[in-house]
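A quick write-up on the structure given underneath.
Note that the chains are named A, B, C and D in the order they appear, and that numbering of residues resets to 1 at the start of each chain.
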Amino acid sequence: MTVKRFVKPVSVNPLTVGPSLGGVLAVQGCYRAIALLHGAQGCAAFSKSLLTRHFRDTIAVQTSALQEMDVIFDADRNLEEALNLVIAKHRPDLIVVIGTELTDVSGTDYSAFIRKYTREQASRGCLIIPVILPDFNGSLELGYSAVVEGIVDAVIQGQGGRAPGKPAAGQINLLPGSCLTPGDVMELKEIISDFGFEVITIPDLSTSLSGHLLTGFSPLTRGGAPLDDLKQMLRSRYTIAIGASMERPARRLQNAACIPYQVFSGIHGLCATDELLAFLQQLSGVSVPLRYRWQRENLLDSMLDAHFHYAGSSAVAALEPDHVLSMAAWLKEMGVMIKGLVAPCETQLLKEAEQEVWIGDLDDAETLGKGADLWISNCHGRKGAARIRASFLAAGFPVSDELGSYVNVSVGYRGAMDLVNRVGNMLIRREEARHEDRLCQ
Amino acid sequence: MSTDLGSKQNLIDEMLEVYPDKARKDRSKHYEINDENLINCGKCSIKSNMKSRPGVMTVRGCAYAGSKGVVWGPIKDMVHISHGPVGCGQYSWGTRRNYATGTLGVDNFTAMQITSDFQEKDIVFGGDKKLEEICREIKEMFPLAKGISIQSECPVGLIGDDIEAVAKKMTAEIGIPIIPVRCEGFRGVSQSLGHHIANDAIRDFLMGRRELEECGPYDVSIIGDYNIGGDAWASRILLEEMGLRVIAQWSGDGSINELAIAHKSKLNLIHCFRSMNYMCTTMEREYGVPWMEYNFFGPTKTIESLRAIADRFDDHIRDNCEKMIEKYRIQMDAIIGKYRPRLEGKKVMLLIGGLRPRHTIGAYEDLGMEIVAAGYEFGHKDDYTRTFPDLKEGTIIYDDPSAYELEELAQKLDIDLMGAGVKEKYVYHKMGIPFRQMHSWDYSGPYHGFDGFKVFARDMDMTVNSPVWDLLKDPQRKAVSV
Amino acid sequence: MTVKRFVKPVSVNPLTVGPSLGGVLAVQGCYRAIALLHGAQGCAAFSKSLLTRHFRDTIAVQTSALQEMDVIFDADRNLEEALNLVIAKHRPDLIVVIGTELTDVSGTDYSAFIRKYTREQASRGCLIIPVILPDFNGSLELGYSAVVEGIVDAVIQGQGGRAPGKPAAGQINLLPGSCLTPGDVMELKEIISDFGFEVITIPDLSTSLSGHLLTGFSPLTRGGAPLDDLKQMLRSRYTIAIGASMERPARRLQNAACIPYQVFSGIHGLCATDELLAFLQQLSGVSVPLRYRWQRENLLDSMLDAHFHYAGSSAVAALEPDHVLSMAAWLKEMGVMIKGLVAPCETQLLKEAEQEVWIGDLDDAETLGKGADLWISNCHGRKGAARIRASFLAAGFPVSDELGSYVNVSVGYRGAMDLVNRVGNMLIRREEARHEDRLCQ
Amino acid sequence: MSTDLGSKQNLIDEMLEVYPDKARKDRSKHYEINDENLINCGKCSIKSNMKSRPGVMTVRGCAYAGSKGVVWGPIKDMVHISHGPVGCGQYSWGTRRNYATGTLGVDNFTAMQITSDFQEKDIVFGGDKKLEEICREIKEMFPLAKGISIQSECPVGLIGDDIEAVAKKMTAEIGIPIIPVRCEGFRGVSQSLGHHIANDAIRDFLMGRRELEECGPYDVSIIGDYNIGGDAWASRILLEEMGLRVIAQWSGDGSINELAIAHKSKLNLIHCFRSMNYMCTTMEREYGVPWMEYNFFGPTKTIESLRAIADRFDDHIRDNCEKMIEKYRIQMDAIIGKYRPRLEGKKVMLLIGGLRPRHTIGAYEDLGMEIVAAGYEFGHKDDYTRTFPDLKEGTIIYDDPSAYELEELAQKLDIDLMGAGVKEKYVYHKMGIPFRQMHSWDYSGPYHGFDGFKVFARDMDMTVNSPVWDLLKDPQRKAVSV
């Protein structure tokens, strides 16, 4: 209803990040896993390089290194060679074979090949999952959730209709959406644990991409959720999906194992956190732990401290669909006027949103944002923000020109407080600069 | 010495043992240990420019990266369309740090990333119509753009689009050169073919097409300098100080006009041999422009190169050159005096693209550092023959090594500094090995010329001698954390 | 040895904050307490206003409202009236009567009066402690630790030589220094607790000035350590003093109740935190909890990520004595060259320091800092930093032009990581700006 | 109405019940409820300018704050020494947001905070010698400073220093006016005596001492505007647009010369009556300069004041004035049209210094807001007589109330906005009551004139209507957190 588009045939300063990269990212949250990009060597090189620059960390990805003749004659041969080598050399627990537009456009149906390969090589005990993610459909968020859905599906199928074992009443599945940083995931895990739950997280970037120094030569992921844990998901009492894009894998779990789920599409700010904690309180029968009550006090107090600096200001935000709406809710909570919301592609959530959202690029954000005080987007927006003289908050993907953005916490009361203070200080410095000309130098 | 060579060979053999037979045999051909023979004759049997193996993650990119990312991207007064789905356009954005002066939207469009953002329907029905519209739209949005290049992504080559026809039609319609580049990512074994394809497009559409109003006896062009962190600027001022006139920069901070007039040079000076040697040989063949390689990394090589360049001109230039060298030598000695004691004897390993594995050797040696192993991401035979003579006996040379091989080597050689690409960076950090990203100078630069050496020396010191490495390794501290 | 001074009779842009303000601050960390500034009305008004602006919170302070005639004739009468009114109206548990230079110079010995008053009014059950803190001697740090020492003394005396009760083996006294924010104190309490200890903290700003919304009309402190808890201090197994300035109160506890103590003069960075955690590990016999091992990994990784941006940069820091040396140690850890350290006054720690430290003001920092990349001081340094074109990190007191600085955490691994990333990003933006002129606009 | 008055009285009585008898009796004299009688005669029996009680924290400051912080501090081409120990100099730094143009160290020294930083020995042996040295040092460090003021802190008055003698001696020695100000903090019941002392120093050392080159018929001075957030600038442009010439600003963005020539004005215009009325009466008495009060808060009062000012001049000025009012009225109507619907009926309580408790009333009323209680920190009887007529019947007026009293009243009156000082701010925040710091406009401003009203209206809206107040009170959310 409220989704709009600028009419132009070209994308200027694109916001879209290829879904295959989102898929590679999701794989990083599983232990001893590797993403195998089935496409040209460059697809893997590019996404590895971009993810590396954002997380400042090693990324587990491989390539089937397709060239012209392979595409024309037999891409499966490359895939087989790649799988053989990867399995023989690294013995991964999980390989997600991500098809690119190259394989998609050339019409290669490699999932049949993978079924066959898996049957023949079953003894090697490695889960191989095909997910086709051509770049011309969706964005990072879609690729990420599709891979999670693929993994969940595979786990369900691996169960083969057998009962999943005794239900674990104190166990929760957490499906964190793609806009959450490893820091965010860690925070959410801690929050849920503090209500007395065991948490199974998929994907769990908090133990793989938060930055650690475990050494060794494995080109596999060096953290994330182990496959054995994932199998336990089917016994959980509840699934919590953070971000509307994570509803599909949650629904799979419900259908397969009757695990109810709750989707939290709001992630940022007081109200969103209140909803999550109220839910956890109700589900656990444990009242909100003291620590979070303190954090809520601190957050409300910081909102009071900051409110005048926010009031009357305006913002433009260009982020992935779930992320942009959640940020918009937080901005509204702070009394910020929204000049424009831009997302790279349409999703169900956006269609149902009350807020007007534009499907577009960072150039559109620049147009919508004229006069805005604040600009929120990935790091490519920094220059556009400067051109329209807006303060710049880096969020989303990629943020390759800042340190530590991957451990920033913006969820929970503590994260919201950090957000309130960080952005508030930008607005203060901005106001200060406005007066500077008139003052003594 | 031969014991040393032997132990190096053992080291390589050991490292390759983990591979299955066939792979081991294959990979071993990509290794060589420098010896007197190789140094003297420069010939080598190292295998290079071969297809990478599926399932062995190399550090290589693709043809699109070579064309759009390296060669065409820096041309500042043109709009470069990443033609196809949006991914590649996003990935290649802002990765190379090619500096360029100018005003956005007037004579500089490099800060803009343009993609045709194919949707499913474009794949199904073909993208030629869309491409026409895009050209018109660009003309409208950026009326001052002096040209458009179309950088093909993989699907374009598969769905049978005729971008050449569109380019021709639209050139006529909108009145600026529109250049189709067939750099689909699946072409060739690395970004190297992308360079070649990009070069061919320059040759076919721009080279030799324009005239230079006034030609002079000292006109030269800089070929193969992408102005990373300001490299070309640091080079250009030296040539100008010598009395030469730089009429074109290919392609760092360059313009479309410079691509079309460089054939008027009296001499083409090529820095990155790998990515642009075709252009020099073509200009030589078609326009009789002589060319020479030079190396502006580190004072020793820079001075050598300056003299060699001056020697191609007259006494006036030679005199200028000597005066200039005299002047800068004092500065350079001060730099070396400051940093060499902090870097002496440090062992360096390199894996880079283009010209750097050989060109940077002198700069490291000026600082007393030792190259213990080096190689190319996407080198060709002619790169390697150029490399052996510059390296000491016993240096290990490799081609397109895998991440695993590099990590093994680094540990076995107990190196103090690794220079490679960003994808490799954090592996070495985690191993406690200082690392410099040597493609785009890791947020720094320039590294060329005398100005660049100041930055280079400081950067190497900052990297190698940061206290963080000791903190990382301190066993006592480690105990605390267990 | 290495303490130096610029020779000038005047202070330009003073760094010194009156010790009486430090005293008022320390009082805020005790529950149901109030500071009574024995001096002119303005002394209380000024320090209340400055503390309020820094903490963006209410501050419990009262005044004896001395005027000319009172000083000449009988300041005790004002004090008595003030005490009577405060006790009758608010029933505080603790009143710290802070003498100012006004009372000091006029020679009023009001501690005798307070002894008498306490004897006569003992029934009211309020602890009244006199601490004289004229502004011409020391700075904030000194006033703060003197008040803590005064409170500890009073608690010891209140014990009157009786045995302090059964030793509590799992109990630790924490004496956090004046340069720690309420956020820092909270973090330290959590760290120590996570080794299985009960922590008694004095003063505890984390529950009084971290920002909360408990309402009511009390002009007393609304958080902090309750007096009853403080009495339990004498039973603790160990005292941990953070900052050399806190050694004196720690020594009092040792002398009175044979409680050993450890002073941690380093507060910031990896090494300082390692020392604290190694100590806690040894003392508790509990190995460092997983959470901190993760945080240490994350910190080290962020230091690696950041090292190149720090290396080769230089800094000037102007802070209170403990703070400036601790910051200097962190800067060294990051490979930053120190252009100058400035402290407002000399202390034993500074005299023994290896680092050269200047006693001076922010004007001296401007002189020493020429060419520095980074400037660390209270908010009054912002302009000086701009003049010498250094990036500015606000720390110390006051920071009244930023939101949330009072909840910033810079201690522990988490705090160090935040510091590494925040400052690192400043240095990145700085480098970026340097190149800006040469780039396309 | 009388019921209303009665209920208000009950409310006050109830509130004061907690005090001991004597205190209650005392405090009740500081309260008054506005009625027809008071409005008409303006006379009141309210007690004011009394000593605050020890142990009852008032919001008042001290004489030093009144002199250094308010009156002298903004004079930009002088150096103001906080003379004594360092505390006061630190405390009074940057608290007032007095804007001033100029270049630091040349014609503006306001960004510098200077203190003599007394050490124990200075107390013991006296500070006069040190003061001499300081004056010399300042002359050296800031050779372009046009004068020095010595702002005494408490100990200076106690140890018997003779700063007047030092000032005299050093004025002769270094050749710029050095003005001793005896504003020790223990003098008087509030900052108000500090204003007076500061005024006396201006009178004794500067007033009337210099000549104005060319006098004109439209020369006026702005007295008592401290240019907080740019207030004086927003006022000056209106006077100038009317055709008047502003020859002096006392003291926001003012210079020492302006202090010495204001007696040449044809008319002195005073905004802050409290802090500078002595100056106007003195100039009237000694130089025959007439003066008038004006009020530039809110369009209604601004227009009234502009007309009243114009009436003191000729038709030329009066015509200009009307044209100008016509022009601005359209702007102001737009502002009111935008904000009034969002602020209509909101109840405001004020406790401020200077002129604001009465002067800002019109601005609030222009926005449809209602003042339900108001009072002064350090008002005198003449302030109160000026206030009653401006307020509605039933408004509670108080003098120097304690924090407790204010909080009680705010709750009992169920107000929507509190305006007071920063020390009070967070008490109200915690009560969920929107608050504006009305001394230094809380990071904002200007509030004077038409430009200022735009900011004032926006600020009040931003404060009162921020969503955070609802989040704070939402009982459902509160339940979540329990």
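Note that a contact is a pair of C-beta atoms (placed from the backbone, for glycine too) under 8 Å apart; a residue touches a chain by one contact, two chains touch by 3 or more.
Since the model is a prediction, treat every value here as computed from it, not as a measurement.
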What are the chains that chain A and chain D both touch?
C
Tell me which of A-B and B-C has more C-beta pairs in contact.
A-B
Averaging each chain's C-alpha atoms to get its centre, pick out the one most distant from chain C.
B
Rounded to the nearest Å, the gap separating the Cα centres of chain B and chain D is 65
Distance between the centres, which are taken as Cα means, of chain B and chain A, whole angstrom
33
The distance between the C-alpha centres of chain B and chain C, rounded to whole Å, is 53
Expressed in whole Å, how far the mean CA point of chain A lies from that of chain C is 40
Hey, what residues on chain D touch two or more of the other chains?
104, 111, 426, 430, 472
Sequence positions of chain A contacting 2 or more other chains:
56-57, 213-214, 297, 300-301, 304-305, 309, 428
Chain contact graph, described as a line, ring, star, complete graph or other shape:
other
Chain D-touching residues of chain C, taken from the complex the two chains share:
8-14, 16-18, 20-21, 36, 39-50, 52-53, 56-59, 61-68, 70-71, 78-79, 81-86, 88-89, 100-102, 105-106, 134-137, 213-215, 217, 219, 344, 361, 363, 380, 383, 387
Contacts from chain D onto chain A in the complex sit at residues 76, 99-104, 108, 110-111, 230, 233, 426, 429-430, 442-444, 458-459, 461-463, 465-468, 471-472, 477, 480-482
Chain C - residues contacting chain A, complex
56-57, 210-214, 294, 297-298, 300-302, 304-306, 309, 401-404, 407, 417-418, 420-421, 424-425, 428, 432
Applying the document's contact rule, which stretches of chain C touch chain B when the two form their complex?
270-271, 274, 277-278, 281, 287-288, 293, 296-297, 300-301, 303-305, 307-312, 332-335, 428, 431, 435, 438-441
Note: in the complex, chain B contacts chain A through residues 18-20, 23, 51-65, 81, 84-95, 104, 111-120, 122-123, 130, 133-134, 137-138, 141, 153-155, 157-159, 184-191, 403-404, 407-408, 421-423, 425-427, 430-431, 472
